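Residue numbering begins at 1 within each chain, and the chains themselves are lettered A, B, C and D in the order written.
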Amino acid sequence: MKVSIVGITGYVGAELARLLGRRPDVELLEVVGRSAAGQPIGKVFPNLAPLKLTVAGELERMTEADVIFLALPHHASAETAAEILEKSPTTKVIDMSADFRLKDRATYEKWYGPHPAAYLLLEAVYGLPELYRDQINPQTRLIANPGCYPTCSTLGLAPALSSKLGKPFIEPDVIVDALSGTSGAGRGLKQNLHFSEMTESTAAYGLEGHRHLPEIAQTLTDVYGSPVDVIFTPHLVPLSRGMLATSYARLTDDFVATYKTQAEATQAVRQYYRDFYANDPFVVIVDESPYTKQVAGSNYIYICPTINLSSRRLVVVSALDNLTKGAGGEGVQNMNLLMGLPETTGLDMLGLYP
Amino acid sequence: MKVSIVGITGYVGAELARLLGRRPDVELLEVVGRSAAGQPIGKVFPNLAPLKLTVAGELERMTEADVIFLALPHHASAETAAEILEKSPTTKVIDMSADFRLKDRATYEKWYGPHPAAYLLLEAVYGLPELYRDQINPQTRLIANPGCYPTCSTLGLAPALSSKLGKPFIEPDVIVDALSGTSGAGRGLKQNLHFSEMTESTAAYGLEGHRHLPEIAQTLTDVYGSPVDVIFTPHLVPLSRGMLATSYARLTDDFVATYKTQAEATQAVRQYYRDFYANDPFVVIVDESPYTKQVAGSNYIYICPTINLSSRRLVVVSALDNLTKGAGGEGVQNMNLLMGLPETTGLDMLGLYP
Amino acid sequence: MKVSIVGITGYVGAELARLLGRRPDVELLEVVGRSAAGQPIGKVFPNLAPLKLTVAGELERMTEADVIFLALPHHASAETAAEILEKSPTTKVIDMSADFRLKDRATYEKWYGPHPAAYLLLEAVYGLPELYRDQINPQTRLIANPGCYPTCSTLGLAPALSSKLGKPFIEPDVIVDALSGTSGAGRGLKQNLHFSEMTESTAAYGLEGHRHLPEIAQTLTDVYGSPVDVIFTPHLVPLSRGMLATSYARLTDDFVATYKTQAEATQAVRQYYRDFYANDPFVVIVDESPYTKQVAGSNYIYICPTINLSSRRLVVVSALDNLTKGAGGEGVQNMNLLMGLPETTGLDMLGLYP
Amino acid sequence: MKVSIVGITGYVGAELARLLGRRPDVELLEVVGRSAAGQPIGKVFPNLAPLKLTVAGELERMTEADVIFLALPHHASAETAAEILEKSPTTKVIDMSADFRLKDRATYEKWYGPHPAAYLLLEAVYGLPELYRDQINPQTRLIANPGCYPTCSTLGLAPALSSKLGKPFIEPDVIVDALSGTSGAGRGLKQNLHFSEMTESTAAYGLEGHRHLPEIAQTLTDVYGSPVDVIFTPHLVPLSRGMLATSYARLTDDFVATYKTQAEATQAVRQYYRDFYANDPFVVIVDESPYTKQVAGSNYIYICPTINLSSRRLVVVSALDNLTKGAGGEGVQNMNLLMGLPETTGLDMLGLYP
C-alpha cells in the first residue's frame, strides 16, 4: 500500500514515518515538508536516516497514494484534505490536526476561527477505534484523528458513562487533570521549552481554557447520551513522551449502595473495565497507577480505575505515549482499519522501558 | 543561638543544615544521625562538606540547645520531642514529622497508629506562619512543621475560604491535584525512584488515600470555620525539588453575580490575594502559572489564582520547593519567629534558575 | 524457533523480551527469574504486560530451546552456560555477561576472580558481528555478547586500526572517554542512582580501572595485529538509555602528510569509514556528533569520525543505546546469525525520537 | 557599594542578580537589558521577582557605579568596557565575556575577529583568583572573568604543572574532556536545546575546535612556564547547571619512580593538591569523583586527582556550577577582591542538593 505523510518536519509526521517506514506492506510514497524540501530525511530527523528518503516540498503524487496523513497546522490541514478528497477519489485522508474533530461547526469556530471546509465535518469520522470502530472501515474516506488529551481521558472515563454493558455509574460532571510531556507542545522553539528552563520544572497552562476541552466533552457526551460537563487543566511535565490523565467523577447513588467495601467496589470496576475493553488490543487495565514510561513508544494505553467510597468518587488514571497512541500510533491504527487490515499490524511493539 | 538537627542523614535534615550552616547568628551544636555516627558530614552529603562538621550518633548536648529540629520518622519524632521538652525546659522543638500536625488524636491514629505523646497535641502549634503567625512566638515551645502538600495547597486556597478581608467566595468542597518532585519521597531507595525508571516518567500515587489529606482538611476547615471537604491526589513528576498544586473549587453565587467578565473577576481575585498576603514576605501572587523551578531552593511560594466564570470555578496553581518552603525553609522561618528574629533572616535567597 | 531468557528481572533480560516477544518466528519458551518466580511478567516489568507470560523460577525446558540467552551476573552465567552446553547439545547459548568475553584467562581472573568454566573460553565466539561475522554462524554454539562500552568504542576505532581496506592511520595508543546512561548500571538500587540524586548530575567513575578496559584493548589489539594501549574513563550521565564514546588517537605521519586541509582529511576518513562498514546494516556514519537519543531503542550505532590536523588527532564520537545495540539488540543480532536468518530480522526499528 | 549589571536578560546577568540582589552591602543601581527595557525584572526572570527592580534599556548612571558587570556578547562587551573606563574613572569593570581573556591579540582575533579595544588587553587582569589573586585588588580596573571550561579544567591541572610547592609532575601535553549543562549554551533558542530533543540525550560538539581551548592553553602555559599542549572536547549533557572536566596527563618519570603503589601515589597527590589550595576557600579536594549536583548553585569547585600508575597517568575530575563558580559567582569573587572585601562575602552558600 502506498502512503504519504504531509508535515514530516514536525513530531507527529516523524512519528508516522517511524511507525510506517519499516513496514513491508507499506511504501512511503512521499514525505512532504516544505521547509526541508530536497533534504535527506536524516538531516531533519537523524533517527530516520536509515530510511534514506528525501523530503518533498509539495504533494506531487497525490493520486497514487492509498492513504495520506496530514500532520499540518489546523486550517492548512482542512484545506489540503479538501483538495485531496476532491482530486483523488480513491485516496483516504487521515487528518492529525483538529480540523475535523469537532462535529459542531460553531464550537470549532469559537476555538479555531472560520472553518476552511466545514462541509466535510459530516463526512469525517472521529478516529477513536475503541469507541467508534464500526465507523472506521474501508468505506471511510476521512478520519479526524483524536487529540492526545482526549484519547487519554475519554478512554479512561467512557466505561463509567456508557450503557453498553450496564448503566452509567458516575454523574455527568467530570474533572480531568492531565500531565503532558513536552513533545505534545511540538517542535517549535519557545522559551518555556528551552531545556535549561524546562528541566526540573513543571507548570499548569491553559488556565483560561484549552482547545481539547470541547473535544473531550463531545465524546463523553456522545457516550453518555446527554451532556457531560468537563473541567480540564493540562500541565507540562519535564519529559518528552508521555501523558497521564487523572480524572475524577462522583459515583451514582446506586453504585454507592451496591458495594460494602472500597476494595470490593474497586475490584468490580476494574473487571467491568476489562470487560468493556475486552476486544481492544491496545487497552490494558492495571491495578496500580501506571507510569507513563511503561508505554513509551508503544500504542498501548494503561488505565487504572479506583473507587474512593468515602468521597464517593471514581478516580481514573490513564497513561499513553502522546506521540504514539496519542497521535501517530492511533493514526496507523486507523489506517489499518481503513485498509481492512488487522488493527495491530505494525503496532504491537512494547513500551521502551526503562 | 545554638541549634541542633536530629536526622541529618535525610533530605530534610540536610536542607536544614544547608540553610543554617552559614548563618553567623547560628551555631550548629549537634547534627545527629545514628547511621552515620562519627562520619564527616561531607561523607553523608558532599554538598555540606565545607561545613566541616562531624555527625553525632546521639543527641548529647540537649540542654545546651536553644532550638532542636527533629527530622525523624513519625513516632520516633514524638518520643524525642517529649523527652527534650521534659528534660530541657529552655529548649524549643521544631518537629518536621507529622506527629503533632493533626490536632485530633483519633484522626492521627487512623493514619499513623497509636500516638506516643498525645498529651503534647494541645501544646503544639501548627507552624504555618502565613496563617498562624500570632501563635508562633518566643513563648511557643513546640512547633509542628507542616507537610509540603498542605503548605502548598492551603496557602493557595485559604484566601478564598477566609473571612479576614471579606467573605468566602468558594464552596467548601475542593479538589487538590498535586505534583511533587521525588525528593519529597525521601532518601530511602525504592524501585520506582531508581533513576532509570523515574526519568521520563510520571504517575499518580496514594489513590486510596494519602496522609496529607486530613492535614489539608484540618487547616482549610479552621480557616473557613466549618467543615471543608477535600479530595487530594498526589503525583510523582521527574524532578528532584519542586511541588505544584492545582486546586479547584466552585465559586459562590454571590461571587459569580458580582463580575461581568472573567478577566475582571480574575484581576479582582489576584488583587484580593495580594491584599491577603500583604504582610507575608514569602508569598508572591503571579499572573501566570508559576513553574516550580522559579522557586527552587528558595523559601518563596508563588500563587496564581484564576477565575473560570463559565465553569464557575476558582482554579489556583501554587508552586514551592518541597524541601525549602515545604520543609526546611519553613522550619527556619518558624525558628526565626520563635526566637524573635525577623522572619526572613537567612531565608531571602532567590530561586536557583535556570 | 524456541528461545528462553534467563535473568528476566534485569534490564538486559527485559530488553531481550521486548525485542523477541513480538516476533512471529520466535516462541518465548521460558523467561526465568528466580526472584519473581510465578509472577506475571507485567508485575516485574509493566511494559511487558501485553506478552502475558509467567516468570519461571528455573530453566526447566532447557533441551527444547533452540537458543538460550543468559542475562545473569558473571560466574552464574558461565556455570549455567556450561550446564546447558553439556546437557542440551542442540541448544545455542548467547551469554550477555562478561564471562566469555576475555580470551585470556589470566586477564579474566584479574578482574573477575576464578573462572567457573575456563575450558569454554576457546569455544566462545566474541559476538561483535561487524568485526567477527564470519565466526557467528549456525555452527557456533556459544556467543560472548560484547559489553556496551566495548561495542561503542571499538566500532568507532576499528576502521582506523584495521588493514582491511588500507593501512592503519592512527598510532596504537588511544583514549576512550565515554558517557553512559544509568540503565547500564543495572536495576539494583544504589544511592547514587536514586532519582533525586542522579537527576541534573554527572560524574566519572571507575577512575582506578574499569572491567571493560581489557575487553576494549583485546578487540583493538586483534584488529590492529599488535598491542594497542587503551585509557578508558566512563561517566554516568542523567539519562536512562544511551551511550556516547569520544575516542582520541594520534594520526600516523603518513596520514598527516597526505592531506592539505582538515576538511579534506575529515571527508576522506568519513568515506573510508562508510566503505569499511558498507555491509553492516546497523552502522551509520554521520557528519556531526550524534546525539544518543537519535538511536534510542534502536540497534543502530551512529559514528562520526573527525580529523583535527593541527593537533594531529583523530576524534571519533560514537553513539548507541546501551541496552539495544549495547546489549539485547546485539544479542538478537547474534541470534539471527546463529540461526541463519537475515541479520536485521526483528531489529530494524528506528530510534525513538524525540 | 553600587553595582550595575549590563545584560540582565541572559543567564549570566541573572545569576549575578541572584547573587548580588540580597546583599546588604550592595545596591543594584541599574540592571540593563535592551530587549526588556521598562519591564519588571520578574517578567524576564520570575525567580528574581522579589527584587522588584525594573530593567533599564541603557546604562544611564554609569559614573555612579562602583562596579559594572558586563554580561554581553563579545565585541559589544569590549566596546562598553572601553567607554566606561574612559568616562568613569572610578568605576571598575568586570567583563564576563571573552573579550579580554586572551592576552595575545592575534589569538583573540583568530577565534573572535577584530578586537574592538585591543589596547585594554594589557590592562585587563585574568580573574581567576586561585591563580592570580595578587593581581586582583583595589588598584585593578578591568577584570576578564574566565570562561567556565577554563576555570574548571585549569584549576584541576594547575597544581600538577606548577612549581609553587615543588616541581611539575606531569608532561605539558594534556587532554581535557568536559561535560557541560545546557545553561552554558545560553538562553537563545536552538533546536538541539529544545527540551524534547535534549532530554535523555548527550552529544559532543566543537569537534573542529572550541573557543575555550586557547584560554585553557594560555593559563596552563603561564602556570608551567613554557608551552602546554591541550586537546579539548566539550559535550552537552542533559542537565541545566553543572560542569565536569576529566583531564588526562602523562606523569613524569621522576614522579613514577617515587611511588611504589597507586594508592600511595594518589594519596600523596591529593595531599599536594590540598596544600596547593590551602588558602583558597572555594576549592575542595575530594576522594571520589564529584557529582556536579554537589556544587549546584554554589561557588565551590570540587577536585579529585587520581594516579593511574600502570598507565602512568594523572586523571583529574573537577566539578563546578558553570553559572556560579564558572561565571557569576567567580565574577562576584573578583568583585569582592577588587573592593577589598573578604573573598567569600555573599558567596558561601552550599550546593543545592539533591
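Basically, contacts are C-beta pairs under 8 Å (C-beta built on N, C-alpha and C of every residue); 3 or more make two chains touch, one makes a residue touch a chain.
Note that the structure is a prediction, hence the values are computed from the model and not measured.
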Sorted by label, the chains bordering both chain A and chain D are B, C
Which chain lies the greatest distance away from chain D when centres are computed from Cα atoms alone? A
With contacts counted as defined, which of the two, A-C or B-C, has more C-beta pairs across the interface? A-C
Averaging C-alpha coordinates per chain, one finds the centres of chain A and chain C separated by a number of Å equal to 36
Mind checking the centre-to-centre distance between chain B and chain C? Centres are C-alpha means, answer in whole Å. 47
Identify all positions of chain C at which a residue touches two or more other chains, and write them in rising order. 11, 181, 183, 187, 194, 196-197, 199-200, 238-241, 290-291, 293-294, 296, 353-354
If each chain is a node and each touching pair an edge, is that a line, ring, star, complete or other? complete
Quick check: in the complex, which residue numbers of chain B touch chain C? 11, 181-183, 185, 187, 189-191, 193-200, 238-240
Which residues of chain A touch chain B in their complex? 175, 177, 179, 181, 192, 194, 196-197, 199-205, 207-209, 229, 231, 233, 235, 237-242, 244, 246, 248, 262, 266, 289-294, 296, 304, 306, 308, 311, 313, 315, 317, 319, 353-354
For the complex, give me every residue of chain C touching chain A. 11, 14, 18, 21-22, 42, 45-51, 183, 187, 199-200, 240-241, 284, 286, 290-291, 293-298, 300, 302, 348-354
